[in-house]
Structures are given as C-alpha cells and as structure tokens.
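Here chain A shows up in two complexes: once beside chain B, once beside chain C.
And now, the complex of A and B:
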C-alpha cells in the first residue's frame, strides 16, 4: 500500500486482528477513484506508445509503411526490427525457469496473431494509434499450424513452470486389469484468456541510468531483476511501483514485449512513455490457459473402490516456448487409488505461449477428473458423494505422506448439509421444477496446494507507539493490503489501525510473488516474523532497563498486546512501546523477518487446501439453455485471516468455475488463426444475472505444518471442483454427459 | 486516430443534405457506430449527429390504435412507455432482453433498426468481408458459425442481423418513415434489411442520405395485446446477442387460431418473418402439434452456413415455444429476466 494512503477508521472488533472480517483498507480509495493504477501516472512530458500487432499467425513482416506513420502529425518514433535499440539480453533466451520468450522486435518473424511487430510513439494516444494503423503491414504469410489436428505433437520436458510431465505410483495396468469395472473418458477444455479489468499497462521513465516503472506486476522484486537484465542495469537501478493492480490472475508476473519496447522508447526519446494494451491485445502476448485434451481411465472394484487412476493430458502450446497446462497433475493427490499414473503431451501451434492462469493445471484437470469420478460413481451404482468418501485419501496418494491437515470430510458433510444433498436420486432426469424444467445436482471436490515461497519483511516500531511494516507485496484485488495488515498488526501487537503497511514497490524487502495462492502465507509469515523480531529487540531494551517494569524479565519472556509489552508470567507488569523507546532515547526499533518453508517440513507431509462444491442447475428440456440456480462451497484452508475477503476469493473462484463450465472460450479463425472473439462482447464471462446465490462455508482447520501462521491460501481453490460440479449437475439434470467445455446448448440438443 | 468531420444539423432537411455526401454517416446513440470506428471496421469521413433534431423524440398514439415512435426516442423510454407495454408487450420484452441498462439509455430507435451485424469477421477490419468492403469475399464462411445465419444467406455473406427489437417489429408489420433527398417515404420494416445475395454491402433499403425519422406500429398488431411474446435463447442470461429468438403473436377464438404472427431473430440477415408458418396456423387448435408444424414450416428453407446446423432445430423449438407462450399470454408484470426461458425463476419482477 502506498505511503500516502490513509487507512479509514478501524472497525470495532474484539481480540486479535487476524480472523476478523475487516473491510478493505483501500476500499474507499478504490470506489472514489483516489487509488492510482499504473496507467493513471502522468509524469511531465509524457508520450504515448501503441504497439502494432500482427494479423497473421505465421510468417514474416514484409513491408511496413514507416514513412506514412512518421508523417502523421504527433508521431515521433516508429520502432521496428531494423532500428530497435539493442537490449542487454535476448528475449529468446531462457536463463531460468521463470523466463519465457517474448517478442520485442528481435526479428521480423511472426509467431502468432497478435504479436508485437512495431511500436509507434507519439504525443497523444490517438496519434500513436493512427500511426500504428498507417503502418499497414504486408506479410510473407505462411499457412499457420492450428488446433490439435494442425499442430505438432511433442513430448514436453516440463509442464507448467518446471514440473515433471510424468508421475506414477503403483501399477496402473494391473489395477485396471483386476478392476470390476473400467471407465475411460475423453474431455476437452478450450483456450481461455486472462481478462483482468485492467489491461497491461506501463509508464516508463528514465532518470539518468535509473528506470522507474509504474507497472502492475505480481512479483515486483523478481520483475525488477528481469527488467534490469534487459537494460543492462543493476537491479537496484530499476524501481517497479505497483500500488494497485486491477486483476492479475497469473498474466502480470512476467516481462512482456510491449513493456520492454515502451522502456526502450522512453530511453530513445528521453521522455516518459505510457503504453496500455487494448483489450484485443490481451489475446496473445500476455499468456492464456492453454487448450487441453484429456483422457482418464479409472478402474473400480466390486465395492466401488478405485483400483487405478490414469490421467493423460495433451496441452496446446506455442511453436517457440514451453508452457503445457499441467492438468493431469490434478489426479495425483486427491483420490485414494493404489495405482496412479499421470502424463502429459504437448502440441505446438502458431499461438501465443500459454501461461499460468488462475489455478493453472488444477482448473482444467479438476474439471475432467471430477467428471470422470462421477462417471465412475455411476458405474459403481453409488451416490457421487458416497463414492468420493469411499475413495477418500487418508494419506497423500502420490507420496504416501500424511497430510499436514485435511478437513475435507467436514467440507463434504457441511456442504452436503447446507445444500440438502441427501435424497438425491441416483439416476438422471428425475427432478423437475414447477415449470417442468430439468433439475440436476452435482458435486466436485476442490483441492489446491498450500504453497509457500520465500519472502523478507521489515518492521519498524516507532516512538509514537505505532509501527510501519514493509514488504514488496502485491494487492491485485484479492485484498492483500487488508489481510497482510491484519497479520502484520498481530505481529507487532498492535491494532491494525495503528500500523502503516508499506508495500507494492520493488525497493522494499522482497515479498515474493502474488501467485500460487501463496502470497498471504508467504508475505504474511515474513511480516509476522519481522514484527516479532522488532518486539524482541524492544523487549531486550526494556529487560535491560532498571526503570522498566520489565527489567530482568529475560527468562520470563513477554507477550505483546495493544501496543504494550507484558511479562508472560505477570500480565500486570507491562510498558508501552513508546515509553520503552523514549526512555532509551530511541526514535524507533527495526526488526527484520523472513519466511520460507523448511525442506524438512516439505518432505515430511503433503500440504493442500480442500473443499467440496455442490451445484444445482436447471435446464430447459427443449431449448437446452442452462442456468445454475444454486451453489454451495465448503472449504478448509487452514487459518482464515479475513473471512470476508476469503469468502470473496472463494466466491470469485466458484464464479470462474461456472464461467469455465458454461461460458469461456477463445475462438480461433480456422484459416488465419486469429482469435475472433477478442473482446468482452465476444469472449463471454458470466454476467451478474448468471450468478445464483452462492453459499461459501469456511470449515475450521488448524495446521501447524504449512507455516507458522497456519495459513493455506484461498486464491485458486474455489475454481477447482466448481466446473466439475456444474458439469455433473448438467448430467444429472439431462442424462447427457458433456465432455467438452464450455458446455453449450448444442451439446444437450441430442 | 482518423480525422472525421462532425456536424450537428438543426433540421431534418439540413441533416439529409449533409449526409447525402459520400462517406457520411448518421450518428445517433453511437452504441454501435463508435465501436466500429474504434476497431476500424467503419471509417466515416463525416458524422451527422441527429440526436438534437427537433420532433423525433416522441411516442404518439395513432388513430388506428397503433403507436408512432420518433427515431430519436431512446430504447429505455420505449420500454418504459405505458401504451407500448399494454399494446405491444413483446416489443418491450425484446428491448429489455438486449444490451444493458446503460446502453438502452443511449441507443435510439432509429439507430437500433440499423444496427450492424455482430459477425466477428465484419467487425475485424483485417478479415475479408463483402458486407464491409464490396466484393471482398467472406472469411466467415465455414467457421463454427454459432452467430451466423441459417436462412437467406449466400456464399457472399453468412452474417445475421443481431437486433432483438426488429424481430417483434417484423411480426407486427411495423412501418419505417424515411426522410431523404427525394422527400418522405415509408418502408415496411420487413423490407428494410436486405438479404445478402450477391451484394451483401447493400444492407438496407435506404438510399444515400435517407434518414429514419419514425417507426409506426399499426393498430392491427395491438389486437394481440398480451398474447404476444418474445423469447430469446442464448448461453449467457444477460448482455449477449440471441443465438436464436422468436416473436410470436396469436389471436384465438373458439379454440381455433384466427390470426398468427411469427418472426425469428438470429437466423438471417434480416428479422425473419415466417409467413408460411403463420398460414399453417390459421384454423388450427393452439396446441403443441400445431406449433411444431408451424415451426417446421418456418425453417423449411434453412441450411447450415458452418457448423451451425443445430441452430435450425433450435430455431424450430424456439418458435414453437414462443407460440406456446403467446397462446398462454404475457404475465401481468414484466419478469426480471425478460424474454428468457428462465424468466419466471424466483427473481423479483423487473423494475
């Protein structure tokens, strides 16, 4: 949160800060427009850049009418591969696993439709846009390789970001051979694109050899190093300011070509440059959820117990880089099959490289797995919930390790109770509403890893009794400024209203990445530790001071509460932070903290958040239009720092699951390869009218292993399980098993 | 951005004179044209803003019991009009099922009648589109085609008219009043939009400079009253164009259909009036068999223009359902989800 941000009055509450449903500290700033996002920056002398993008999917840029663009009033510069200033690093190099190739005019090659092919910088955004249009590119186009049929299959060395493409435990073929029943089913998921409300934007300015970027970024310190590498600068010379992000979802964690070109233009022209992608430019160069084709084979014994689970996923990726949706991994850790095999294949096509998109792998994989599990339950003649309970994994099926905690049984029970699952007919097409519409109920299990990254933080307790907590954290809309402040306040024994959280800037201690649902756990743990360190230093001062009521309390220890240190064994002996510092003649005491998961812990247990999602759909029996009428999700994700924000995250996830099940799909022109619905009129996400009453239950779960705070993370959990629950409800309503997402009217028309 | 001229004339005559120039376009609510200008699919050299022209913003009763609606009346105001709600409920239902509250506050009657196709290839300047660029061919052919036509299309163009509003208007024999360089004339709404044939770029019956000044809903249509319904089928409940829609009106006496109207949306380059279906209904009992037979007749000439054969059967079912809804009559209060198959699912009535 920016320094000049004034938090509103703290809500009335009792006890500690964490666990309270505090409203967003930045809520008023956001609804009044006071919160400045990257593209709101208007430094003196600002220029505007527009990136021209390719309209063909494969080939070379032949001719660009640079003269026409330059002749347009207001246009100052046209950057093309022939005049693009040198970069200190090659955008096609992959020095580490977070490096992904991008296009910054390194050559005239076109690798996908929507790729940057030139940058036009002008005095106004209108002039830049017209300059880009006037380039009127002509291409030496080649026939693009499109879709699973037109693409080139290959065996990826890694899937996702550096994960192994294969895993197996036990003998799947033997498990299938001995099974009483076998189920084999194929599922397809489409390309989906991150469409944050805030399209990618940057305002780049050079101050001598210092580079200042106003840039929405999910990992500012990592991003700083990445930008520094391309401009031959030491990382400390690059400053990324990312006080507010209008949604990230995984698409704002990397360097993109348009950003790099804007920085080059700023340096070349000696003036600040702003570049904001248009909505249609979000469909290609900033990642997406790659399409998959998945095959599941399940064996069950006569009682309905799994004897084998095999999950194969083939994922689309680009012709020039690696990111294959790790979808099959969704089957590794959830159901107690004695034999599990997951594998991935890749298919290269002339598209932009896919990237992590909210629950990468888990979302697509869970959609297929949860459908397949329902198909197995049907084969076993069991209720889908009973089948899941019968195959409940007491230990991690992949590793055999115990779970650090797993309250999934309670999720099933609480969710089923709230939904009213009992009495659900086994057969489809047995329920109707008063108007004769088909009703169906479905379930899906949610699971997501309880991630921890590494982070550092700093805590400064001031003589006025308040404190400043610092970390390069990220609020991309999930509510980090509030949840992290709650944890930080607890860490320094203060009310959240008395602390200042400085965050969202790369010159602060590294808060890691806001991704993988691990930000609250990681940054929160570092902040909490920093607070503890500052308090320990303060206590040392007090304990050594004969004038302090805490003198000599070294062995007794202390607790911090309400801005006072208290003897652990005698609550009546206490002193305020301000008094301790004043007597010592200090203006402040500074502590530092770090967080990461020790390898010994990571190797000792499996760590996941879980949930159970229940959905009801109504389907018009003739018109086949589908409406989700109810959803209940019960989730166990360790300690809930802020139930209000956690519910919002889980609701958002469930809504995305609904979107996955029924709406989202990027459509490609079958000849040119262009995404033809590259706007929010054509690329559908649910409207408000599509969202039913959502009931989110937070199931208690204590976990001493995941991290000192016991926090697991809720950012991505809600999307898993939800898509499968809806697909299963549609089957239950109609008897039609739709295996291609999104499920549309024609799939049910018979 | 591309430069263009902007004029705000003060009389219809002045507007018509200005817009008769090549490269001119009328600007009303701008909810469609401005988007096309931003993407580059439209590039008028002159915008003639007609929103301030006097006398085009009233809804007036006609002596035959019909209504005359000025071309600059906002869609939201049409939907709110008491006489419209009483006499032509399916028009209101169609309007409220389209766009969003904000867009309906901007969009005008005249502009909506001339809404361009939402065919993605038309909207994308780099795609070949003979509707946008005469003689350019059609990149939209043989695609998935969920939004494309199944009736009346040609090899030159498979685009569908996206309007909800026009569908009940076609069923109601609405007339369009036009002012032009040669004076005033009327065109039946059913004749306003052209099928593509070999000249998809000739989208309407309007000559250069001609301006829609009013829409007339004849009193004959008011006789259907609440036995007229609009039904819109799509995946998303709101803010999505129709995959298929249907407007149906019935007059039933003594257990037999005396008069029927049926028009389909989302299936052709014009709102598709199904006269064969209407004829098939006359004298029949208003039952499922008759409605299905009428729907079969309505889609008799349909053929897929891509992977959209399902739309043909969906259109039949939609037509049959709309007829059944018309026979049952519209509810007293407009439902919260107008024209939706889920209109009656436990939600509050429309404000």
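And now, the complex of A and C:
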C-alpha cells in the first residue's frame, strides 16, 4: 500500500499543515491490524486475571468458595479482602478533584451490582474465568435503593467536576410573572454507558520496583501519578503506555479497582498479568452518564422574547461518591434571557458512580433545553428557528461578557439552507413521505465550552533538518496523533512529513487530559510553543554566527518555513536548520513549551463552540416506528485543524445525539439492582442501519482570543443540539411531545 | 462429568495461508486463539457474544464471529484475518478508501469492518447505500464513523464494478 493516501484532488497548501484534510497518520496501522491496543501485549510468562463481580447491589459478600477456585487446574491465585496485599493509598480517599472512589477489595461491602469482589489469576483466560465462576459468592444482601423514588435526595456541593450547583442572574420569578406566556415542562434522561468498542484492559508488569502498564488512559501522566500513589512508588517508576485507545468517551480517565488488583496480582505472582473487563463488567465500575430529571420554566413576552429561563436538574449519583450530571448548566450561556436561574439536586442510589461521558451535562441538558425552547416557540406562534434568532444572545447571558467569537447565525443560515428548512409548516402532522409516513422537521442549537487544560511539550530540531516533538498526548480515535502533528509541524516550520510526534506514553511531557474537547487546543498550543522555543534558540545561534546569512538579524527577527530560518524583513536571506546546527557543531537544539489559558482571557470573554442541527424523522402512523431520515449539522468551532478528522468527530457526535434521542438506556432490575441489559444486544447503540444520511458543514470562524491557535474543539459539540432536534422533529411529525429519553414507540401511542 | 471431555484439543488449520498446528484449551474461542496463540492483533474482542463484529474473521470463505466459534471447531478450516488479507492485497482498495475518507477513528472495529465489507463487496457487485447499511449492521462503530464507512465501501464497490465492466 502507498504510504500516503490522497483524499481526492490535492488541496492547496499555502505552506501550512494546519487546516489541511490530511489522512490519519495511524491509518495504515489501523486498517492492517498492526495498531497496538493494550490487550495486544503478550509479554513472556503472561498470566490472565478475571475479576469476579457482585450480583447484588447492596450488602456484604458472605461466602466465597476460594478452595474450589484454587482447585481448578491452572488457577494460581484468588485475591479477596482477607488476603489482598496492602495498598499505599486508600481507594476511598479523594486527594484531588479528579479522584474517584473505587473498589479494590478494601472490605467486603457491596455498594453496587457489578462491583469487583475477588480477583482470580490463572495460566489461561479460560481457567481464570472458570475459577471466578467457581467462587459462587453468597451475599448478605440488603434491599437496594434505586431510582429517583428509592434513592436519597441531597443537595450536592458541586456538580460535574467541581462546578457550583447553582447560578442565577436577574429575577426569574419577576420575569415569569410579567411574561405573556409561560411554559413549564419536565424531562427525563436515563443512565447511559460509554461502551467504547475496546473493553477496559491492562497488561501489568513489574521489573524490580518499576511498574509498566499497557493501559488505555485518557490522561497518562495523571494516571501515572495515581498508580504511583497506590503502589507507593515514585511516579518516574511507573510507565503507562497508551499509544492507541479503542474509544474512551470519558470512561478511560480513571483508575479502576480491577486494574489495581491486576497490578497487585502481577507483583504477588512475579509475572505479568493481563486483565480485560467483560462487556457486562463495563456497566458499573467504569462510570456512566447519570440519569436526570429536569424541569424547565420559560417566560416569553408577547413578541416571543424570553423574559425568564429556569432550569432545574436532579441527577443520580452513587451512595459513596459524587458525580452529578451538570445538566442545567446548558441553559446558562445560550439564549438571551434577562433572568436565568439554574440549579441542581442529587439523588444517591446503590449504583456505580457516574462519570463524565461525551458532553457530560451538555448532552442531557441540551436535550431538555432544546425541547423546551421548541415548546416556547410554538407558544409564541413562531417558527423554531425564528424563535432562536429572536432570542439570540449577542453577549454571554450568564456573565454579560462578549463571546470570543460566535458564528452561530451563520450556522443557522447555512444549516437551514442545506436542509431546506424554509417553508416548514408551523403545525405538526402536515407532511408525509411517499410511503405515507408522517414526516417532521426539528432543530436544535449546539453549544459546547471551548475548554483548555494545562500541557507541556518538548521540541528537538535535529541536524538532519527534521524534528521530534514530544508530548504525552492521547489518540483515542479523535485523531490527536494527526492533528497535533499538523500543529507541531507548523510550530517548527516543517512539513508534517518531516516531524516525528512521540505521544501516548507517560514518560513524555504532560499533555494533560484528552477530554472536555480541549486536547487539540491545549496539547497543540504546548507543541506549537515548544517548536517556537526551539526555533528561537536556533535563531540565536545563527544571528551570533558571522558565517550565517542571518548574522546580526537579532532585531529583524525571523520566520521559519520549510526547514529554513529567514530574516523577517528579507526572506531571501535564509539558512536551513541543518546548516545552522552543523556549523555550530551541535547535533540538536531542544525547546520546551507550555500551554494553559491565562485567567485574564477567561475574565475578558466567554468562549464556546456553536452549531445548528436539523433533523427529519419519519414516523409510521400505525406502528409509531420512528426513523431519522436525514440530519444536517452546521458547526463553528474556531480554526479547524483538519477538516477530514473534524467532520468525523462532528458526525460521530450527531450519531451520539441520535442515540441519546432514540436508543440508549440502561435499565436496572428493581430487586437486584443489576443492569438487566448489560450487553451490546440489550443496550442499544446505533448500527449502520439506524443511521441516515448525515451532512456536516464547517462554518468559518476566526477567534484570536480563545487561544493563540484559534482552536475550540469538536469532540463533543455534535451531540448537543442533535437529541433535541430529533425530539422536536418527532413532535412535528406526530404532534406528541415526548419528554422522556430515549423516545420509544410507546411514547407515541395514544 | 468433566473427565468425559478432554481439556486440551489438538487442532490443525490454515491461518492466512500458513499451516498451523496447536494444542488448545477446549474452551478457547477462535478469537483468543488467533490473538493469544498466534499473536494476530487485528481482530479484537469487543462484546464476546457475537453482536459488535470487532472479532470478524473469514473462515472457509465466510465472515465468522471469532468470539462465537471455538478454536477446536476451526480444525481443518481455512482462516483469514485482516493481516492475511492485507498481505495478499485482496482488500488494498478498501483499506485505501477507509484511510482516504477517515472511515476509521479509534480503529478497534476497523479490521472486522473490513472483513465484513470485503465479503459484501465480493458478493454484491453494486450494492446500494441501503444495502451496505443493512449488510454492515453487524459491525458496530461507537466513535462513530458510519457515514464515512458507507462512503468508502460504496466507492470501492463502484470502482470494482467499473473495473470489471472495462
């Protein structure tokens, strides 16, 4: 196969790497099966571990038949709370806000179904699985507290990760009192599970006091520190290798009990240990999107302008830790209501702790908000797009600050044009397709914060004129290894083909977390800065060298292009990186860079990516079967580093939105507390046949404030807006407002 | 009871054109045999009950779920995985189209998707987009790149049909 695939006609390059639709650098490895995922590691002497998980949701583990498990041929070790080696840190401690409690056999308590209760290690995976089965646990079970009715309501101090649970601006009650019309609606969203294609796996090896982990991890340097803490090791003695992740979506940013136990088993038995969760074991200990119940109250004046917007969300969390879906925050920054109040409540139940799942808060909150806004538009007698334009926020409704950029009007216009929105009847049940199905059109606005974390990077320009860029970045499918290489190449003034990007390993400079749609902006900024630092050092050498064409150019400055430094005021005077280093007798020059958002920027403007999603559904008038027949999304997310990859991210997000609207729901058995559809047959993720024609439009948006690269992020934006657009289209087709997600046939049956 | 059944079974089969003989645990699934015993990393275990398609390989000419078939059942069979199909060049055009259109993201589903897509394109010369959706619905992509996958498979099917017509 050729090394590089050309996607159609070669694009005009203008000397830049960023902005070009380059194909993935890991593409060939992934289509040939060579890309190494954690579970592919097969070190010499590998043992296999299977974690036994609880089948009750609350109580204690009474009896485990350890003798039977140990008697099974090939079984080497059974770890239970009675013999589990000590850990250097308590899994129930929360030393920082990214710490979440987990179960590593610290006691015999069961706090949710699916919790680890023992670890069996054996010579083969078959023997380990049989050993785990032979444990035949018996429990002292207690009645589980489940659901909003059975759980314990409380007032959380924070929602999401460290966000305040309440916000208000203006007088909502006064706004509602003076409104010409008021809308109040209740929405329910279910528990959803990330279900990345790759099950959570680890291969753990000890080399003396060094620990090597092949482990999919969305924040390898943070993860290294956490593992180091549990094993009492200095961080530099722990190595996490995570070159490729088979999907993460927020569920692979944690330390989990099963992984810690596998590491303990490897140390105890003196051999490498592999553990991969079964699919059903991913419904509990590795996080999920918590269920919500939301209430929105909107007031509008006689013209349809919002006078007040109130959004309340109650979210499920576990009995022992906290992650409350920050759903109501979706209403803070989108529509121009003079009075806004958002608040959150929590409900504790005997379930695994929820966690960030692709667009945490934004997805659930947007689904409810966009439906409520549609109801308000109807009450105002306005087209839903016209209503959104009437209530367009020119400045951030929450802070009053200007937006760093906001091309949402263009998104509405481009998306509506492509979709053919004009002429949509206001009333429902007015359109049919050729098969007699009811057709409906709906719209939802997409919005996601332009997040930045902190990252560091290193750039090494070599005597051969190429460069190595290093950062502990993470490619979990979004294309970071490609997009970051494009930015890094620009940063060192080289073609992307001339640089080597080392990433995906915890011994590299900290790239932060791949999450919050902030990885490209954060890690990319650090790489770009590192390249600039290396170039500055190179220029300093050249400017001081009488033999260089750049001698004495200190004040003129330089530009770097195609592997050459050029005088900024006279680009005919230039020298290649290799020539500069050779004459200086250097093999390389090393630069470092760091990135984070200065507080002054966050205080000066509000930073969000936006979009408009349009959906068409067809509903069988007799059977009420719902099909999404087409979707158009138009998105503005600052500078698009790679339109080929960005389009895939946005399409993926829209499909997650469709899945939110129509498919995904984990159902708990009311007696046992188990997720009864804990597999990919019962837990519906969309297949090819569920997905219609999708159209993604990338709307130009320049943003000089969000970060020097002008990048906002596209990983989660596509989900927001999409679920609401589909729910609104279902109303337009049928006249039925379905306010419980996922929307199923029974919601439409009279 | 268990004594009536052998714990280990000797198998002889062809994998990617090479003869393989091995003694395997009786309960070992084909996917685990390919990955653990042979070190083939293309096919992946995703759901372990035949739904997600990440473990799809070709056995005696047909797409098979590696997680639903025991290694012992493959005795005497001809097995092809994405590695072998890459070496022979049989799916080079599909691979090229997948990369060119970014029809893969995390890539965990991709090898199985390619095996299934090759079976489809080889058996149905000019599938419609609806037929491609239907036939590939046993292969999940959670990321999810469905639109680009359909584009890639459709383009290859058309190119092959065009080439055959010439």
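Following the convention adopted for this analysis, the second predicted complex is superposed on the first by the 736 of 750 C-alpha atoms of A that agree within 3 Å, B and C clash if a C-alpha of one lies under 4 Å from a C-alpha of the other, contacts with A are read in each partner's own complex, and residues count from 1 in each chain.
As a convention for this text, a residue touches a chain if its C-beta (ideal position, glycine included) is under 8 Å from a C-beta of that chain, and two chains touch if they have at least 3 such contacts.
Fair warning: this is a prediction, and the values are worked out from it, not measured in the lab.
Trainee: Go through the superposed model and pick first if A:662 touches only chain B, second if only chain C, both, or neither.
Mentor: Touch partner of A:662: chain B, not chain C.
Trainee: After the superposition on A, what does A:145 contact: first (chain B), second (chain C), both or neither?
Mentor: After superposition on chain A, A:145 lies in contact with neither partner.
Trainee: So in the superposed three-chain picture, is A:688 touching just chain B, just chain C, both, or none of them (first/second/both/neither)?
Mentor: Once the two structures are laid over each other on A, A:688 reaches both partners.
Trainee: Which holds for A:670: it touches chain B only (first), chain C only (second), both, or neither?
Mentor: first
Trainee: In the overlaid three-chain picture, which partner chain does A:627 touch, first (chain B) or second (chain C), both, or neither?
Mentor: First partner only, chain B.
Trainee: Output check: A:199 vs chain B and chain C. Expected answer is one of first, second, both, neither. What do you get?
Mentor: Second partner only, chain C.
Trainee: Quick one: chain B or chain C, who's touching more of chain A?
Mentor: Tallying touched residues of chain A, the top partner is C.
Trainee: Would you sort A:651 into first (chain B), second (chain C), both or neither based on which partner it touches?
Mentor: In the superposition, A:651 contacts chain C only.
Trainee: Is A:126 contacted by the first partner chain B, the second partner chain C, both or neither?
Mentor: Both chain B and chain C are touched by A:126.
Trainee: Residue by residue on chain A, keep only those touching chain B in one complex and chain C in the other, then list them.
Mentor: 126-127, 130, 681, 686-690
Trainee: Which positions of chain A touch chain B when the two form their complex?
Mentor: 55, 126-127, 129-130, 133, 280, 433, 435, 437, 618, 620, 622-627, 629, 662-663, 667, 669-672, 674, 676-677, 681-682, 684, 686-690, 742, 744-746, 749
Trainee: Under the definition above, what is the set of chain B residues touching chain A in their complex?
Mentor: Residue positions touching the partner: 1-2, 39-40, 118, 120-121, 124, 126-127, 139, 142-144, 233-240, 243, 310, 313-314, 317-318, 320-321, 337, 340-342, 344-345.
Trainee: Flag every residue of chain A that touches chain C in the complex, lowest number first.
Mentor: 1-2, 5-8, 23-24, 26-37, 39-40, 42, 73, 124-127, 130, 195-199, 244-247, 249, 276, 278-279, 476-479, 644-645, 647-649, 651-652, 655-656, 679-681, 685-691, 693-694
Trainee: With touch defined as at the start, can you tell me which chain C residues reach chain A in the complex?
Mentor: Going through chain C, the ones touching chain A are 7, 25, 27-28, 32, 35-36, 39-49, 51-52, 54, 81-83, 86, 92, 94-96, 98-102, 104-111, 114, 129, 132-134, 136-150.
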